[in-house]
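Each of the next two complexes has subunit A plus one other chain: subunit B in the first, subunit C in the second.
Here is the complex of A and B:
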């Protein structure tokens, strides 16, 4: 086991910054280089849709469950999509059992926000009977081995699982028959791909490992659309960002967003 | 009406297709993956490490703490709410009891060995799959063990004894079905997990226990092979 402290020691951090100045990261990558990425669909037979995403030693499963429920009173003809993330103690010695902490809530909400704000799908298409019955789509993001960058990898896994999903059959009595699946897919009009850019010293890098995350001064997650527009932002970390930082981060995220999107489209055959 | 031909064509004492791997979670001290049919379990071991809360500590030997958990999308029907339930707590406890007899934790007073079990998909037999994955993970973590612990269920469908019921068989016969999860220590034949749901005649139970033995041996073989394979390749193994 490699137990990684939550905050990196100053000596180690200085060493890391020195190597970044030479353009090299601890694992030999370049600053703008993602770890080798793989996406596998249909990894859970019980989920309506599922995907396993791996990048380096990080691996995360997302699974989609669909059920019928009562719509919210203020949106009687709209279905609901919710993303949930858990920092499973299985996946890292730093994670402990218990109710979701702020870290997992942030991850879920940032992924959720990208999907919602991009109007990735038409919530009205999930309506079965206005005011009475709508589809509730729940996507759960579960790390199996956590080595950093859960927002981006969890976001990709969630999108892949949503693309993989098929609606279950509804019986004559209006209940869901989970043993029969239809051909109907979720109509995703956008694929909002989150890209997190970290800042250590004056250096910007993508796809940080857990160790690099422990040294980040700041990070910015930019959720990218196909045409290059942004649909969600989330700044994290203790240090501020300059206007120049943000400009560079936007351009880096644009480039990486294209790469991740191409991988997603390739795997899901869209 | 007797259940003579199983719906998936298996022989009465034949388990479903098995996949077993060790070392699938690099951040853990030891890990295992066990899949039987459409029921899959990951297990990760952390420790021996300092035990919190302190009142759980045993000054004589280390303790084993298992946590069984179904992923929210791993159930047969609706989403399962994350977090512990009465069911998952009981399964966690019987998992501990199933594994403890093969472990030697005397060298770790006051410490805990944590085993986390997560299931991405289930089609009956999930506690047994969890125990199988956990045994691989404990061996992978280098905890002293006198044997592996295989587990599988045996049960009755429409009066016929069958091994390793799947979800369809569990629900086939609501009145006369019985399901008995069993774990054993292969070298001694001792049973470390035994539960039953359903109704069964006493002599049939003993026949069921005899009948399940070959499947348990087969699973133990798969578990041993998983551990051997992990060390046959250089460090690493297959990542999750």
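Here is the complex of A and C:
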């Protein structure tokens, strides 16, 4: 049996565009409206930090593990952050197990780039002994149920998990005791929140569902800081974006980013 | 010699619903010794002496004469493969697809292309669950425009309602065109905001399908959301294009496609000329 590509038929796409012209999305939202968002912290007892983010039928879990390792030779006094994403087959019939595909690599890299390029935390503070031992922070992001917008929700989940993380205890011989936690947190100085703006026809919308994602002409993920600085951009989809599109997308993403950041701060109590 | 449960009770597989020979097992129940037990999770339905369970959830299993909405997932040599929101896919043969003449080797995507949705009727389900459907018949067609939503196939009878009263109410209040497939796939088209109200209402029915007083609840919802007059939603029963409630449909077992009816018993006729071969001479006749 041939596998059908995840692209909406032209016929139904036209219907969707007609609906967008009236300002109503297929799930009744406005074009610039996020689905009701919930963020839950500490969902995993074995991870140093974890978070579960839900929006509509999408839910994404992120976990943070910390370990001691040897730093890279070119940055002997800097800790290491790794973001990894995996599309679990259980979250969507289209996802298959096996080596990571383009989609999961993209999600991981866009989230990673936002955190890395915003210098969200001081990598030097993760140094234990220069050239010998630094903290390696591994953040895993995975959808539990997929209904679109994995980059934004994954990015939020990753940030929430990093905020939730507490360093494990280190014994006298330098081994990590994962059963004991210290009160030490990762000092996040910035909250780089990714917002993806999709384009269907001439309409811009945020937080697309799976169905809307299958109809997207183009999308632009913008990761912004509280002061409006852009720290990561990722363009997807086949169609080009005009200069006006990008301007509109930047202002829309800035606005939505504020909402998401406020929600994140509220939940983590910062 | 008596019932162990009440009508509309929730039963679990293996639960004894009646003892003794007073009652008869039917769909969703079986007899074990003197007991009748449920074989699935569902609501008990007592029809006189006949005990049934109505499943609360589950997949769609194609049955003959069901009108379903399928999605084209493959183009075959002489037909199309349709996904039926079911473990089993269906084949739509060229001969069953259209009254048009289709030349040998013609490009079949001109009629139905990948990702198209089609209203089709199940014409045959084999014992191996190979499903054949047809597109020839009233109301059977390719669907253009509109949107598709999926619901639990077992909730379809409640969404349609008695004689189509429930879906009639939604159609009247929202002005949407709605086609419901027995497989839980629903197509609808209308004004964007009203279309969403229709989706919302169907989700509400799905959620409350097992409760009583559903019609009133749905009517109230529709009045709230669309502002139509409640009185205008009375008596919207309609000849639903796809027959009434599936509970009235013949049961799957015993199978309809049993043995073909027998002709007159062999050898009952003395007319030897109609036999393909002359009768073998009897021993001793020669």
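As a convention for this text, the second predicted complex is superposed on the first by the 265 of 270 C-alpha atoms of A that agree within 3 Å, B and C clash if a C-alpha of one lies under 4 Å from a C-alpha of the other, contacts with A are read in each partner's own complex, and residues count from 1 in each chain.
Just so it is clear, contacts are C-beta pairs under 8 Å (C-beta built on N, C-alpha and C of every residue); 3 or more make two chains touch, one makes a residue touch a chain.
For clarity, every value in this text was computed on a predicted model and none was experimentally measured.
By the touch criterion defined above, A:158 lies against neither subunit B nor subunit C after alignment on the C-alpha atoms of chain A. When both complexes are overlaid on chain A, the residue A:22 reaches subunit C alone and has no touch with subunit B.
Looking at the shared chain after the overlay, A:120 reaches neither subunit B nor subunit C.
Once the two complexes are laid over each other on the shared chain, residue contacts for A:12 go to subunit C alone; subunit B is not touched.
In the superposition on chain A, contact of A:222 is made with neither subunit B nor subunit C. Of the two partner chains placed by superposition, A:250 touches none, neither subunit B nor subunit C.
The partner of subunit A that touches more of its residues, comparing subunit B with subunit C, is B.
The residues of subunit A shared by its contacts with subunit B and with subunit C are 1-2.
Within the complex, the subunit C residues that touch subunit A are 73-74, 81, 89, 113-116, 144-148, 189, 191-193, 195-196, 199-200. Touching subunit B in their complex are the following residues of subunit A: 1-2, 43-48, 50, 54, 57, 59, 61, 63-65, 67, 84, 86, 88-93, 97, 99-100, 138, 140, 142, 144-147, 176, 178. Put simply, subunit B touches subunit A in their complex at residues 24-29, 38, 40, 42-44, 46, 67, 69, 71-79, 82-83, 114, 116-118, 120-123, 239-240. Those residues of subunit A whose C-beta lies close enough to touch subunit C in the complex are 1-2, 4, 7-9, 11-12, 14-16, 18-19, 22, 24, 26-28.
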